[in-house]
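So that we are looking at the same thing, I have put the structure below in structure tokens.
We call the chains A, B and C, going by the order they appear; numbering starts again at 1 in every chain.
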């Protein structure tokens, strides 16, 4: 079967229209989970089927696509999805955040500030933030409808009671424009402040759960907390060992079985860009030598 | 001697809850039919009857868990009397977690079993906007104490508690926001006799000290004798007799009530 | 203070062929403030029935039972509840309490229900229990475990905790020894002195003679047509 046997970006036009309607509704009601008829995609659930469908519905031939997984452009999931759209849509791809018009992401927000005209597509495993305490979907929908969000704070209360601090480190719940409580997908809570007031359109797709939700540009997003236990966007207390950045989210990399480890930027594009500009961490090597 | 748990507020002439012609059918079958009564502040009303008499249906309709087919349930809200049957669901649910409380027979239905005791008590506070962890915790400790649960159990989950403790936790969780009306469905059912007594004593004290009004559904005549000021006897969905608790129990007028009272060993 | 006029009572036993038992007709009596009236008549003649109708736990078939300003025979349940809180006290023969509740709380409860501060209510309860010779070591135990005489004294302490303007006493001195019986008679005399209207049943003739100003024979109220 040739690539030309597929419609542009894999999905048929009727499906894309259906998804676009869900996206528009999501943008009109920020933070509200819009049900949509999720399709079977040629990849397993949990690999980003929701994000892929949203990306497919947004792509035009003129777009430039970037795909990251945990911040990295070169991991299996990112590479597979990028190749998928290269084959089915023939669009340009890039690793540079600033050059991309659509960025599909799994569990990170790029470090570089996004700009107007960019679309950030999140892959979402479980869109319902209330599910862990209230398993009934009928009841959680009612709670969203009536803004009954006390339960969300019960979850944070339990965190403090058990760990002395809000231990939730990712998928940290937020309130959108003072109305809907939303799961920001499993991004580290370090990224939560970037959700708010972003110039880009942020779209969230959950394939298995058949939900799409969205944050239009410049939406006010607040991380839930207590007055006496305020939200803290934490990261490892370290600088990047490669590019010396002190303000980026870090991955801890085990380097040997003697306890050796290093901290590196989770956002590979950000780290490379800094090294290209001459920033160097203790374990970094100048860019020209590695090329 | 009948015991009365009346607070000074009982002297007002305005009923807290006024029920008129409440009817619920399940197809052709009657759940409850044409039930009317007034409940005044500080009063405890017992509803007795055998299984299937419609008492639980009635309680569900009163508490807004189930829409009745006909009738009104007018509650004296802070903004004046409102029919809770026709009120918007958002308002009814808000009322259900502030002015009202519901104590289930099975604590599992009224507690979050996966959440600590403190979280269970704090939930209603957080639901009405409490956002200070330390304050929420202090209040939870205070309420655990009032229902005789040691403060060092605050971070334990309810499944580590005995049945009686679970029921007391459920009561604390419900009363923490200072409701004015409490619905109780067989609150002492399924508990040992000695645990029942402790719970009854606790409930009587809380009703008295908080000036609560309560509607208690039970089949246990000894429970209503000790807790309820007034009694309503139900059979086949209809109220067959109502009046002062000790009058209904000591001098029952209806054939069914006489049978009910004479069927009990000693109340 | 208490006035009964043309009072009648019958029981309908629905589960025994709807048999109707007329037990009282044309009952008339009154009790003035400061007066103690004793009911006499053989066992089963209707003394307790009459007391219970005044208390409100037996319904009247017809007639009037005025206590203070309220006609108990016509009153709504909540009016009777109000009456029992502030106006009408009752010492029955049986103590009926929630198990586990300490004696001192049982005695203080009528005051607590009226909003009296807890320490004041307990002080009053303590003084009554002391007078009635209930040892202090028992005060924090539930009276359900007590002997009959002790239970009776707890019941009396509870009935006298609040100075009701009207009192019903059902055999208050039965099962009491001479010393405690005398204490109860003192309490009754004090209640009369402060103006309480008392309707009582006293089997002990000496006691009756000591506190009752008049007696009323309930056999006069037995229905003329025997059932």
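Everything that follows uses one rule, which is that contacts are C-beta pairs under 8 Å (C-beta built on N, C-alpha and C of every residue); 3 or more make two chains touch, one makes a residue touch a chain.
The shown structure was predicted, so the numbers you read here are calculated from the model rather than taken from an experiment.
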Minimum number of chain-to-chain touching steps separating subunit A from subunit C: 2
Nearest-to-centre chain - CA centroid comparison: B
Label of the chain whose CA centroid is most distant from the centroid of subunit A: C
Chain pair with more C-beta contacts, B-C versus A-B: B-C
Between subunit C and subunit A, distance of the C-alpha-averaged centres to the nearest whole Å: 77
Distance between chain centroids, defined by C-alpha means - subunit A, subunit B (Å): 47
Chain centre separation (subunit B, subunit C; CA means) in Å: 31
Residue ranges of subunit A touching subunit B (in the complex, touch as defined): 133, 145-151, 153-154, 157-158, 160-162, 225-229
Subunit A-touching residues of subunit B, taken from the complex the two chains share: 89-90, 93-94, 97, 112, 114-116, 118-119, 122-128, 131-134, 136-137, 154-155
Partner subunit C, residues of subunit B touching it in the complex: 1-8, 10-11, 40, 43, 194, 197-198, 200-201, 204, 208, 225-226, 229-230, 243-244, 246-247, 249-251, 253-255, 258-259, 262
Subunit B contact footprint on subunit C (complex, rising order): 11-15, 18, 52, 56-59, 77-78, 80-82, 84-85, 90, 92, 94-101, 109, 112-115, 155, 158
